[in-house]
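We just call them A, B, C and D in the order they show up, numbering each chain from 1.
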Amino acid sequence: MVRFDCDYMAGAHPKVLDAIVRINNVQTPGYAHDSFCDEARKLIRESCGTPDAGVFFMVGGTQTNATVLDGLLPRIGGVIAVESGHINVHEAGAVEFCGHKVITLPSHQGKMCAGELRDYLYDFYADETWPFMTVPGAVYISFPTENGTIYSLQELKDLHEIAGEYNIPLFVDGARLGYGLAASPDVTLPLLAQNCDVFYIGGTKMGALFGEAVVCVNPACLKGFENLMKAHGAVLAKGRLLGVQFAQLFTDNLYMEIGRHGVELAMELRRILEAKGFRPFIDSPTNQQFFVLPNEVIDRISSGISFEYWGLRGEKESKVRFVTSWETTPEDIRALETILTNGLL
Amino acid sequence: MVRFDCDYMAGAHPKVLDAIVRINNVQTPGYAHDSFCDEARKLIRESCGTPDAGVFFMVGGTQTNATVLDGLLPRIGGVIAVESGHINVHEAGAVEFCGHKVITLPSHQGKMCAGELRDYLYDFYADETWPFMTVPGAVYISFPTENGTIYSLQELKDLHEIAGEYNIPLFVDGARLGYGLAASPDVTLPLLAQNCDVFYIGGTKMGALFGEAVVCVNPACLKGFENLMKAHGAVLAKGRLLGVQFAQLFTDNLYMEIGRHGVELAMELRRILEAKGFRPFIDSPTNQQFFVLPNEVIDRISSGISFEYWGLRGEKESKVRFVTSWETTPEDIRALETILTNGLL
Amino acid sequence: MVRFDCDYMAGAHPKVLDAIVRINNVQTPGYAHDSFCDEARKLIRESCGTPDAGVFFMVGGTQTNATVLDGLLPRIGGVIAVESGHINVHEAGAVEFCGHKVITLPSHQGKMCAGELRDYLYDFYADETWPFMTVPGAVYISFPTENGTIYSLQELKDLHEIAGEYNIPLFVDGARLGYGLAASPDVTLPLLAQNCDVFYIGGTKMGALFGEAVVCVNPACLKGFENLMKAHGAVLAKGRLLGVQFAQLFTDNLYMEIGRHGVELAMELRRILEAKGFRPFIDSPTNQQFFVLPNEVIDRISSGISFEYWGLRGEKESKVRFVTSWETTPEDIRALETILTNGLL
Amino acid sequence: MVRFDCDYMAGAHPKVLDAIVRINNVQTPGYAHDSFCDEARKLIRESCGTPDAGVFFMVGGTQTNATVLDGLLPRIGGVIAVESGHINVHEAGAVEFCGHKVITLPSHQGKMCAGELRDYLYDFYADETWPFMTVPGAVYISFPTENGTIYSLQELKDLHEIAGEYNIPLFVDGARLGYGLAASPDVTLPLLAQNCDVFYIGGTKMGALFGEAVVCVNPACLKGFENLMKAHGAVLAKGRLLGVQFAQLFTDNLYMEIGRHGVELAMELRRILEAKGFRPFIDSPTNQQFFVLPNEVIDRISSGISFEYWGLRGEKESKVRFVTSWETTPEDIRALETILTNGLL
């Protein structure tokens, strides 16, 4: 079985795993107050060009989104996101659990439109009754989005500028950040850092066993955050595990290399599917590829390839998603081609 | 100035105020454990034909919605409402403050479509990843809706049946219940009670100084509710004030009489506006009337009549709302007619 | 039956009730944006000598405590209170419901000791692991306390100074403020305002039908508070009811007069009980009086006088509480004396 | 430097680490829906003698305590714990963050007294005003306690019986469970499972990289728990990491062996300290040892041995804690003896 279900099916990239093994017997203080975490923070700050940024390590994406937003938002402030935003659909209401409404704007293949954000904020405060509505306290976007799409640098700048006009932070969910950066013609890690207030560098889907690194660029944000993390149950006792993984990912450009690897194989996969006459229903340049396939084809190839339905199975054809990652090999892609070819005979 | 801004601009209906004054010196235990509250509970149960219903008194609508939903929903369950639902737009995120997501369906002039509810629930559980999404734990509708529209008895039955199939309660926000019942050809208080699990009888907008009476028809719901009310700060020390007002409202049919009065004058107001050539943008049979008026006309009549914009002022014409209530008099309607006539000269 | 159960058994002081009746037909905007509330704010600011203080009206004490503390505290900050503090024992966990721990110090007849507060705060930050503990974000005291005792001006100054050293606000629960001020040799409303950051002026127990007026002296506190109030369900639609009551209470010194009346009768009650040989177990100078009575005596007088047990009934004798208020009359006190005398024959 | 600071300074027990490495390239579904987790659940159920128990894996202790208690408690129920309970002092208010009060009973060297629990519950419901207080909804104890002490089987039975009388679950925090079981003369894993409703088997401090296994013995508890876990951000994407570690820990008795190892070395450490004339201030039979040492001695040995102050440093002597674990070697103990001997010369 060749698996394209998701980007977190195996363990860690070999180099990351080696790093964990290597320090196994070293004793350090707990809770990310150790030299490995310090090293990782230093490397991340250097890569981002943000020498003064706060860097915090957490274990998973939902935990990170909920804790960061709880730190960014006023007590009952809401967060603006697109309808397809991960926090709005696939985190079991973790943001609302913390008391915050997710205010939704339309999703444009996963992306937020700067003009719509501007209109929303303008209209909100133009309505005299706004103190009786949920006050927007942050903007949440994903890079890449849940649909695999990416923002251009200008789009990021626009969103950041509008949020800034209303004095609310822009938070970027980077669960798959490396794949997004690898696909982008103009957004780099330093440019991302310059055009938002807080973002996180996803590890779980990028070759780590687990872990997400929050980069707080705007020093006005996330004060007292370690205390909040603890209250969220989001402080790992052996925090060094997060430090050593991120230190490795940010050594010798490994993080970006993993991103490129995933994207290259995704493009190859896309070419194969297109060559067979299938068309993507979303134009994604990253490691997630979205195609409509006839149910017959799906059924024939499913004994050899695994992937996910995107929504419910349709009557005759269905939307499906293929995901590549650091784990995917060129052999996997060739196997997919073979199986698909046979399935279409 | 003749005021059609809202239905809570003055104090209480004279009979309600008299009742408060009459018992002012009577000493009773606090927290709604008194004979006036007992009397009100008895009268409400009789009017609803629900001898065993739980009846709880709270002070205002947002408090009631948030507390009831917090009592109905599982810890992190969400509540399904239409986008225009009061809990979704005008309660400052009070439901999310309690940890619960408001899951939105389309609004059809304020109403939820039973078919859309059915589809939503079916699709939700058809998606294997549902445990990672917000589990729907209640359905919220308003009768009448925020747009003044009302559900037919069959529509109520359908919604209740579908919610019941998924074992989730149907909660009806009755902030303006009396106006809705007065306008309905087939829904009565007992029939409402038979076709939902919990509802509340609005007092604030129906002639009380303040107060809403929650009727819990389904005995499986709202266990330990008084404790939850206290934690929400929703227990009035001199609870008797709520009891005496509702006892009066449910004596000699006063509550229904107030409803009819408001609706009759609203229909008169509508006829006048239509006779002048204006058309309602929502077909509301209750005490809220929604019209599009040219800005010029609005500006000319605003020195004599007050009413609210419904959304932002448009460029040439704007949506506005006129509200009648127990306070509105036939003289008010005639004054409106005169002012409007003069404004159109 | 002569009742000394509590200070909220009847309706409103006649002058307060009259004011409500007088404006019943006046139409005003809702939500405390009306001239009666403006007038009340002005009168309260004048009485407190705080021309710039924020003044907010809420309905009841638990609601006020929870909402104010939720506004004062950081997201997961805790509030320091004595063990007997109302928020710690009799509000059903309303503060914790909002996510905040109540951190307890010992109660000295209801009062917090400044030295113990200082030690607590010093030790807290001396412990390097403090980010993993609940960070204290406010200090809560009651004036008078739940035990009827009052702080001296110097005690208030000391608590305020210590809290200020740690940059955390001092919040004073004034549910029975008028009785406390009437009993105090040195604390006045302006001096209270100078020696805390936020306090509230209780109305419910001081002659109002309901209502508490929050006075926010420190302009750094309670920003965006109206929005938070709405999310707590703590905004009264007909807010004018709160305004007109407080305007009346702060006209012609009525609030202080009510306080003095309650305290004078409480002192008379105390003298009677002491003359009969009973001793108070708390030395309260305010409208609550705490005595140990033999169960035999309790049983004999209970047919004519009502009062509350303070804790559980003991084997031979029990702690009980007598409360006077604006409702209590000199005749009530004489009746108590007669019944007691007969009960002891 | 020989380290006795805590039991989570290094990585994982070699066998556990090997297991993680071994499966690194195996692809599995995420979120603990994989064969390694299934295997771990099976082994844990067998070890506990509870074939039908629910077993859930989480990452850390604070997360586990907060999520389990949030699942066990009614919406605003409180949890009874001793004052020194970890949830009360060292989890940054994570339980209150979820809306639940921690109701404290006295700590007897870390333990809860069954008689005091009984009295508390009896008195609570004897007070008629209980609906206005925080209703106790669960009992929390630690085995071993934060002070290293353990409950006897009879003590566990008593606590469980009392909680059962009031229909509230007993939850046992087993962050260091293996050390407690190794030290106990009569409590075994099956007997623990028989005498509580939910407990967790700590991994982080027992040789895992991270991870805690919740065992839900009482089928009435923790319904819909996976959804709640997600909302708490407590579902690990690569859940298999938890499964493979616990499967290893419950193979060939490794978990108990680690427990015995830690306890044996702790007893050896204790003998050494006692032989030097020091006395423990808590009589702990487990892997934490608590001694009072003169500051002079502390200062002399601190260059070679690390350990923690237990509270603040005293003027002349201080309370300190030594912790052994699976990482501690007999050589570490001998080194401690040597350094101590030299320090006392």
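One rule holds in what follows: contacts are C-beta pairs under 8 Å (C-beta built on N, C-alpha and C of every residue); 3 or more make two chains touch, one makes a residue touch a chain.
What you see is a predicted model; the values in this text were computed from it and never measured.
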Per Cα centroids, the chain farthest from chain B: D
Between A-B and A-C, the pair with more C-beta contacts: A-B
Computed distance of Cα centres, chain C from chain A, in Å: 50
Centre-to-centre distance between chain D and chain A (centres being mean Cα positions), rounded to whole Å: 34
Centre-to-centre distance between chain B and chain A (centres being mean Cα positions), rounded to whole Å: 42
Residues of chain B touching at least two other chains: 76, 91-93, 97, 99, 131-132, 135, 227, 230-231, 235
Contacting residues of chain A [partner chain C, same complex]: 31, 70-71, 74-76, 99, 131-132, 135, 224, 226-228, 230-231, 235
Interfacial residue positions of chain D with respect to chain A in the complex: 3, 5-6, 8-12, 14, 17, 20-21, 23-30, 59-67, 91-94, 97, 204-205, 209-210, 227, 230-238, 241, 327
Chain C-touching residues of chain D, taken from the complex the two chains share: 76, 78, 89-93, 96-102, 123, 126-127, 129, 131-135, 311-312
